[in-house]
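Each of the next two complexes has chain A plus one other chain: chain B in the first, chain C in the second.
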Partner chain A sequence: MSAVILRKSDLPAWARRLLASYRVVAPVGEGEGPVRYQPLASDGAVVLDGLRPLRAPKEHFIPQVEPLLTFQGSGKAVTIEPMAAMESATVILGVRPCDARAVTRLDDVFLGRKEADSLYEARRKATLLVGLACATPSWGCFCTSVGGSPAGTEGLDLLLTDLGDRYHVAVLSGAGRELTADPVFGSATDADAAAAEERHAAAAARMPALFDAEAVAGKVEWEAPVWMRHARRCLACGACSFLCPTCHCFDIQDEVTGEGGVRFRCWDTCQFGEFTRMGAGHNPRPTQTERLRQRVSHKFKYLVEEFGRMGCTGCGRCVEACPVNIDIRSVLREIEGGER
Partner chain B sequence: MSNMETAMRETAARLLTEGRVALVLGYEAGSVPFKTAPTFVERAEDVGRLVWSPFCTNNLAVYLPKLKGVGRVAIVAKGCDARSAVTLIQEHQIPREQVVIIGLHCSGMVDVDRLAPIDGSLAGIFISMEADGRLTVASGDGRRTLAVGEVLQERCRVCAYNTPAIADEILGDPASPMPASADPFAVVAEMERLPAAERQAFWRTQVERCLRCYACREACPACYCRTCFADKAAPRWLSKANTVDENWMFHAVRAFHLAGRCVECGECERVCPMDIPISKLNRLLDRDVRERFGYVAGLDPEGVPPLGTFRPDDPDPGGHEG
Partner chain C sequence: MSEAGHLYVPNLAVIDRVVEETWDTKTFRAVFTDERIRKDFNYHPGQFQEVSVFGVGEATFCLASSPTRAGFIEFSAKKVGAVTIALHELSEGETVGIRAPYGNWFPHEELRGKHLVFVGGGIGMAPLRSFLNFCLDRRNDYGHIDIFYGARTPGDLCYTREFDAWRNAPDTSLYLTVDRGDDRWSGKVGVVPAYVREVAPSPEGTVAITCGPPIMIKFTLPELTKLGFTDEQIITTLEMKMKCGVGKCGRCNIGSTYVCLDGPVFTYAQLRQLPPEF
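And then the complex of A and B:
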């Protein structure tokens, strides 16, 4: 693995030059609202300080609403126009290691089965990920408990580490190397590498592992009091799932206007009562107990069984967003400890 | 352990032991020092789980309609929570005799974001309550001791009902009124100073980021509709596509539905993962209902909410006058 150096003062110039060849998505602040990953304008400022953004860049791989096809006509004279899978080359800047790792979990689901999801595939192949090592964990963070690290490189093309006045830039792929073929990058010294290592270790030291997620997978049970114990206070909102960088379930809707319309998919969540309610009214997951079991089991058991790795990267957003303090770390610790 | 906490546990134990209630709704310690979690205590020997602190922010009244069938329920209630209970009683969602209100004099709840040390992270912080009621917050940056009043949630800063309006038992010393005097409708006046186009632009920017996770609705004790208009599939009033227009429709309709019913507990805004200032809308309708109907929500179980009644002599019956 090679590395280069980017002075912080050169970051805006580099981002602007990237804009000549790529669509650039980066954490940007908008007024008083939270920092979000959004397409960067030529005069936009990238926000790389602070805690991880409230929302993961997931929406740039699976948009919350995505048209699949349009239809027009009536009776038997209906024409159907599928949406073309076309994506412009994109660079996402400032991706946290947990969120980059989460994209590889989305790959499992959308690319790792018999049929690849063509819309996802086109977008994914056109996108490069420039990571930013986490210096400060947020209070819900637990990446080190699920096999990750605040300086993890999985899924990334480059990893930036903040060294004060400059970034140490680890080059992790051929595509990443091309991104650094720019005069703003200088060579990294051994001292820079050592400083980056030091930052990584300091961040990791702030977040000791809380449980052994590998052990949890084998202990997830269907009938266990742990589900009800936590789900009883669940309000059935979708904050956990919608902020989760790996939750990917969607609904499909047809909306008709006059003689035409659009079929789109949109985020959905197993936490909503409607999610499994059938046309005739029966609901196989009648209460939040079954719904919480589904969310935890999906991430820590079903995906492990299907792809050999879990569907959680410990970003902690669900922990922080839950209105009633259902803390998945507590749920997992209880499962690990056999508290059932 | 505070006196209030001791009194609360004793009351809960007594109610359960005497068989007066089947369950006590309260708060237990959360997974981190600055959170508590709603809890359901069914046995007197479990009352030790109950806690009381300036982190008991949830409005527990949201659970009352869901607990129908359990039997009589006791609820630990701050002033705002008690007002929500009143609203539910008025609207026949819970019979008065099926709920025992353990009212607590409240001195306000902490805005957790205001506790964050310089690096913005609450990871690993410790919080302890001093005997004088102040909080000591310890983090990597050192220790700070501060008064709860310095870090109150906005809704508490303007609260005028920190003593429960109704309660079967009331615990603690009458709370000193909030640093209060802050005008609860200042935010409304501030918005109204903007030209309509700017107000619209403001709200479009705010709701653009709405995820439609419905945390606002689910945390709201007044949002108990069995099927929310937003979830209706036939007819589908609201598209599941979260465009700005559809999001605005959701928030506007929800605000109208809460007119004269919202008790400004502020839970909708607190739980919003996208920091949308939802209560600005509720405040506007609250002010209008107060001004036009002389009515304040959630104070009198016998009271009739103005939008929940019809008077034949209404000066404007069912339409525009004249």
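And then the complex of A and C:
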């Protein structure tokens, strides 16, 4: 693995140069509001420091609402127009390691399971991920408990580590190397590499593993009081799923506009009662207890059975966003501890 | 599969015949608009489809027709939700969208030479009808066929126009029953599982294929077991809420099994391995 150095003062210049060839998505602040991944304006102003953005860059790969086709006409004269795949070359800057790792979990579903989803595939293949090692984990973070690290490289093309006035830039792929073919990058010394290592270790030390997620997978039980104990206060608001970087479930709906309309898909969640309710009324998951069991079991057991890796990267957003303080870390600790 | 681009693009088809099966159920015959798709479209009995009424949405239906009868496909829809209500409003000549065929199917090749016992209830007869008509069109490939079919009332029986063809097919018996009869009903009154117990088909070289309301399945399985059918000799097809039909939308899983990809057809032995969430 090679590495280069980027002075912080050169970051906007590099971002502006990237803008000449790419759509650049990066954490952008909204005044006093939250920092979110958004297309970068031409000035190249980026907010790379600070806590992880409110939302993962998931919405870049699976937009919250995505048109699938339009339809026109009635009777025999119906025509449909499928949406074309979007393939504009994109760089996402400042991706947290947990969120980059989460994209590889989206790949499992959208590139795998029999047939690839070409709409997703086009976006995925046209996108490069430039990560930023986490220096300050948030209070809900638990990546080290699920096999990740604040400096994890899975899914990334480059990983930036903040060294004060400059970034240590680990080059992780051929495409990443091309991104660093720019005069603003200098060579990294052994001392830079050692400094980056030190930062990584310091961040990880702030976040000791809370449980052994692999052990949890083997202990997830079907009938266990842990589900109802946590689910009984669930409001079914879906915040956990919508903010989750690996939750990918969607609904497909039609919207009518005049003589025609649009069919779109939109985020959906297993936490909603309607999710599995069939036309005639039968619902295999009738209460929040079954729905919480599904969400936790899916991430820590079913996906492990299916793809050999779990569907959680410990970003902690669900922990921090839940309005009734359902903490998946507690659920997992209780499962691991056999507390049922 | 669809011509254009991505997984969620349906092929257009025109409804060319609508049959009123019961007070709340209709069978629709659809013909693909594109001649090439019409000619090349092939499927297996037991597979399913996503049917759309544009402007209302998509819903999941089994293919109720048999691939041995080419040129069209059929599906039966009970009026229960937005899409099925819209379908019931459609007249002949109107356009729908169809994404199909999806899922696995009744193992018709492995079942060659076997005796078959079909056990259907209500609208659950739809997928069985596909396989039944398939077998009747290839009658020499299969042994004796018993058909048990029940509904709440005589007016709730679907496919009545085909009963004579089923009953008169060689080496085939049709056992109809209703929970409650009416003035004109001279046939059997009683529930399907009781009729299965009474007729007592032999499990020897036989496979039972069942689909119907959960309550019927629940009481039919023990009857078949008592007759000596093993869990491997009982096949069923599951209904689950689906949207995409292609393993992406995350809605139809039972544990790590996706009904849209791994099903909808399962043996009872396979179902016993799954979490009880269906």
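Note that in this section the second predicted complex is superposed on the first by the 339 of 340 C-alpha atoms of A that agree within 3 Å, B and C clash if a C-alpha of one lies under 4 Å from a C-alpha of the other, contacts with A are read in each partner's own complex, and residues count from 1 in each chain.
The definition used in the following text is that a contact is a pair of C-beta atoms (placed from the backbone, for glycine too) under 8 Å apart; a residue touches a chain by one contact, two chains touch by 3 or more.
Computed from a prediction, not measured in an experiment: that's the story for all the values here.
Visitor: Answer with clash or fit: chain B and chain C placed together on chain A by superposition.
Guide: Here the two partners, once superposed via chain A, fit next to each other without clashing.
Visitor: From the CA centre of chain A, what is the angle out to the CA centres of chain B and chain C, nearest 10°?
Guide: In the superposed arrangement it comes to 90 degrees.
Visitor: Once the shared chain is lined up, is A:Asp251 touching chain B (first), chain C (second), both, or neither of them?
Guide: both
Visitor: Check whether A:Phe275 is in contact with chain B, with chain C, with both or with neither, and answer first, second, both or neither.
Guide: second
Visitor: Looking at A:Val28 after the superposition, I want to know if it touches chain B, chain C, both of them or none. Which is it: first, second, both, neither?
Guide: neither
Visitor: Scan A:Cys141 for contacts with chain B and chain C and give back first, second, both or neither.
Guide: first
Visitor: Looking at A:Val78 after the superposition, I want to know if it touches chain B, chain C, both of them or none. Which is it: first, second, both, neither?
Guide: second
Visitor: Between chain B (first) and chain C (second), which, if any, makes contact with A:Asp117: first, second, both or neither?
Guide: It touches chain C, and chain B stays clear.
Visitor: Is A:Ala203 touching anything from chain B or chain C once the two structures are fitted on A? First, second, both or neither.
Guide: neither
Visitor: Mind working out whether A:Gly238 is in touch with chain B, chain C, both or neither, as first, second, both or neither?
Guide: Touch partner of A:Gly238: chain B, not chain C.
Visitor: A:Tyr302 in the overlay: touching chain B, chain C, both, or neither? Say first, second, both or neither.
Guide: second
Visitor: So after superposition, what is the minimum Cα distance from chain B to chain C, given in Å?
Guide: 7
Visitor: Pick out the shared contact residues on chain A: the ones touching chain B in one complex and chain C in the other.
Guide: Residues 251, 253 of chain A touch both chain B and chain C.
Visitor: Enumerate the contact residues on chain C facing chain A in the complex.
Guide: 2, 4-10, 12, 14, 52, 54-59, 78, 80-81, 83-84, 93-95, 97, 214, 239-241, 243-244, 246-256, 258, 261, 275-278
Visitor: So in the complex, which bits of chain A are touching chain C?
Guide: Residue positions touching the partner: 68-69, 71, 73-78, 80, 82-85, 109-110, 113-115, 117-119, 222, 248-254, 256, 261, 263, 265, 268, 270, 275-282, 284-285, 290, 294, 297-298, 301-303, 305-306.
Visitor: Enumerate the contact residues on chain B facing chain A in the complex.
Guide: Residue positions touching the partner: 30-32, 35-40, 58, 62-63, 119-125, 205-206, 209, 211-215, 217-219, 231, 239-243, 267, 270-271, 273-275.
Visitor: Residues of chain A touching chain B in their complex?
Guide: Within the complex, chain A contacts chain B at residues 30-31, 33-34, 36, 50-51, 54-55, 64-65, 136-139, 141, 206-207, 232-233, 235-239, 241-243, 251, 253, 255, 264, 266-267, 269, 272, 274, 317, 319, 321, 323-327, 329-330.
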